[in-house]
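Common to both upcoming complexes is chain A, partnered first by chain B, then by chain C.
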Partner chain A sequence: MSLERRMFTRELKLIAARPGDILKPIWFLMLVISMVPLALAPDSDLLSEIGSAMIWVATLLALLLNAEHLFQSDFSDGVLEQWLFLDRPLVWLVGLKLITHWLFHVLPLILITPIAGIILSVPTDVLLALLVTLVIATPALTCFSGLGAALTLGSSRSGILGVLVMMPLFVPVVILAAGVLIRAMDGSDTLPLLALLGAFSVVAATFVPIVVSAAIRLNIGGSN
Partner chain B sequence: MGWRWFHQWGSPRWFYERAGRWQLVCGWLALTLLITGSFWGLALAPVDYQQGNSYRIIYLHVPVAFLAQALYTAMAVCAVVLFVWKMKLADVAMQSIAVMGFAFTALSLVSGAVWGKPTWGTYWVWDARLTSMLILAFLYLGVIGLRAAIQDPDQAGKACGILVLVGVVNLPIIKYSVEWWNTLHQPASLKLTEKPAMPASMWIPLLINILGYYIAAGYLILGSMRAIVLERERRSAWVRELVSHA
Partner chain C sequence: MIFEPIDIEISDLSCERDDRSLFKNLSMTLNSGQILRVAGPNGAGKTTLLRTIAGLFDIQTGTIRMNQSPLTECLQQILYIGHKPQVTKDLTVLDNLKFLTGSDEDHLKRVLSDVGLKGYHDSLVKELSQGQGRRCALARLWCVEAPIWILDEPYTALDVEMVKTLDARITSHATAGGICLFTTHQPPQSLNYTTLELGHVT
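And then the complex of A and B:
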């Protein structure tokens, strides 16, 4: 079995051993979404107007919630250290890790958003746009939160520090996604903004893993 | 001999002693410029026909906002120097600039809010430049927080360096996206390529103050760098000697 296959199955086994890691962010997302109408008003016009934005923010928070542990357990049980001795470039392994993270931890969150959209009475076409923006934007967000997680590996009680450090870098993504949603709401052309969002995501997914592996190397090698 | 000017920077002691002298020069120069510029701007410059006297906060707000942005770039330059030449002093500079940069960003946000109340009727609007300043403040905070969380100073310095470089690549993207998102702010007060819209009696003191604040920032950064050098080198003989003499 190739190394890549084994990494993939290892990831699956880890999830099977601790399904809570996947379920908790979903649980969190649904809880936050249920709090919105309670904190605001049960008025469905208002909800359908701000619903998609609320779902975006809640998804962002849920993403950050599970990104905190992206590299932490692999770091503490020594797996990351072993990565350095494999006959694969570190960037490749980091990329694989980020892809599996996206598949197993981010995709479930995206798949649950239609339900969140329905209970906030978001119109169907806006909901569709929301799903598309999430699918396009989350690779970039995953890479950046991976960077936050990798940078804070060196601190013993980092907690949500990685999140706080990376959040400002999400601004362009959030703005572009919100632009798409606003255009979807008044029925104008969303394609140009989606293209920009996609471009940002592609560039981030290309370059950020390189930076992430530099950060991991830094934290494992100490000062080397 | 040819590389001596460069290698000197690797010596904390050399830097500590030199920086003390530079600090003195910067301090007096900044004080002179700031007194001149502020007195000219606050007392002698003409009253604005539209904003009255309230525009005079420009002599604080604009220099501070300039500095807030310039210091992030300075920090990025230090990060490059740290990674390329492994110069520890660059890390010291990065540490002091992060704190100073956050302070100037906060000051520019507060002075902007104070100016916004009489001119726009509100302390805060979600305008492009205010928003990107706010994001900049969070970026500075991230650098400060990351350093505080990592115990080993070398490791902390490199982690901060990575963060700063990623931030500096993202800053223009953030700036343009925020600008596209909303624009309401008055256009930039001073542009290098155009003649300023205000009369010379208004912009000359502003220029003096900008220069003054830049040099004052240099004074403050040198001071904090010296303190950090002393702390990091506390086990070395020359620091012990210095402290025992004092």
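And then the complex of A and C:
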């Protein structure tokens, strides 16, 4: 079996062994979304106006919640340092790991956002725009949260630190996504902003694995 | 199988950590068939030396070459087993080894009965005892065909029987032309090795 297939199977088996890693962010997302109508006046006009933005922010936070699992347990078990001895470049392995993370941890979150949309009575066309922005923007967000996770591997409370380090990189993505949602609400053309978001993801997916593998190497060099 | 002749040439290797010199101007050559025990008191730099040779730590001063080429180009020639468990607790013994070695299931099952983990294929590593977990990590020595073995405290938590099995495996690896570096505080009885004492540098 090729190394790539081995990585995919391993990831699937890890998910089967720790289903909480996937379920916790989903649960968090649904919890936030179901609290919003309770906290606001049950005014469905207001809800549908802010609903898509709420879902976007909640998804972003849920995504950060599961990013800490990205490298941490493999690092403390010493499995991550074994990656250096595999006959593939570290950058390639990091890229694969980020892809599997997106597929198995981020995609399920995106797939349940329509349910969240129904709860907040988001109009169908805006919901569609929301889904498209999430699909296009999450590769960049996954890369950035991976970078945060890799940079803070050595520190004991890495979770929140990684988020803080990476927050500035999330800001432009959120602003662009909000722009798309506002345009979708007034029915104007969203394509230019979506293209910009896409460009962000492409650039992130190209360069972030290089930085992540350097960060991993650095942290392995500083540990026993 | 017999390995191609291989040598590791270490010259003028020095390492400082937190302003303390761990080893200074260390030079040696390791050849095919050599078994080297790195000895020394706690904190003498044994792990640091092994991790430097394994390419996990950057070299501060000096050079390490394998068959005349720089270390970073030869990492696939190395099998490193360190202090950490080197296996994932939430996966089964078989799944761990499948990922790390790429060997097929039948071969892995034979190996597992060799290291005394017969019947534990589908146990999660977290359900095993510490010694059994160590056996699982060491099972890789029977699967991966790397000529250079770097083993940090491989004997920890092993019972007498497994220590003998491991000694025999290291000996057969050296006979096949491999190189083995290891650390331990309990000198193995049935192994023919040379010793490098660390900790005499101030």
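One rule holds for everything that comes next: the second predicted complex is superposed on the first by the 221 of 224 C-alpha atoms of A that agree within 3 Å, B and C clash if a C-alpha of one lies under 4 Å from a C-alpha of the other, contacts with A are read in each partner's own complex, and residues count from 1 in each chain.
We take it that contacts are C-beta pairs under 8 Å (C-beta built on N, C-alpha and C of every residue); 3 or more make two chains touch, one makes a residue touch a chain.
The structure displayed is predicted, hence computed values, not measured ones.
J.: Who does A:L128 touch here: chain B (first), chain C (second), both, or neither?
T.: Neither partner.
J.: Which partner chains sit in contact with A:G154 here, chain B, chain C, both or neither? Use first/second/both/neither.
T.: In the superposition, A:G154 touches chain B alone.
J.: I'd like to know which partner A:I175 touches here: chain B for first, chain C for second, both or neither.
T.: In the superposed model, A:I175 contacts chain B only, not chain C.
J.: May I ask you to decide whether A:M167 touches chain B, chain C, both, or neither, giving the answer as first, second, both or neither?
T.: After superposition on chain A, A:M167 lies in contact with chain B alone.
J.: In the superposed arrangement, does A:V91 touch chain B (first), chain C (second), both or neither?
T.: neither
J.: Using the superposition on chain A described above, determine whether A:R6 touches chain B (first), chain C (second), both, or neither.
T.: second
J.: Could you pull out which chain B residues touch chain A in their complex?
T.: Per the touch definition, chain B meets chain A at residues 135, 138-139, 141-142, 145-146, 149-152, 154-156, 158-159, 162-163, 165-167, 170, 173-174, 177-178, 180-181.
J.: Give the list of chain A residues in touch with chain B in this complex.
T.: 147, 151-152, 154-158, 161, 164-169, 171-172, 175-176, 178-179, 200, 208, 211, 214-215, 218-219, 222-223
J.: Using the touch definition up top, name the residues of chain A that touch chain C in the complex.
T.: 1, 3, 6-7, 9-10, 13-14, 17-18, 73-74, 76-79, 81-82, 84-87, 220-221, 224
J.: Once bound in the complex, which stretches of chain C touch chain A?
T.: Where chain C meets chain A, its residues are 47, 51, 54-58, 75-76, 78-80, 82-92, 95, 98-100, 102, 124, 146.
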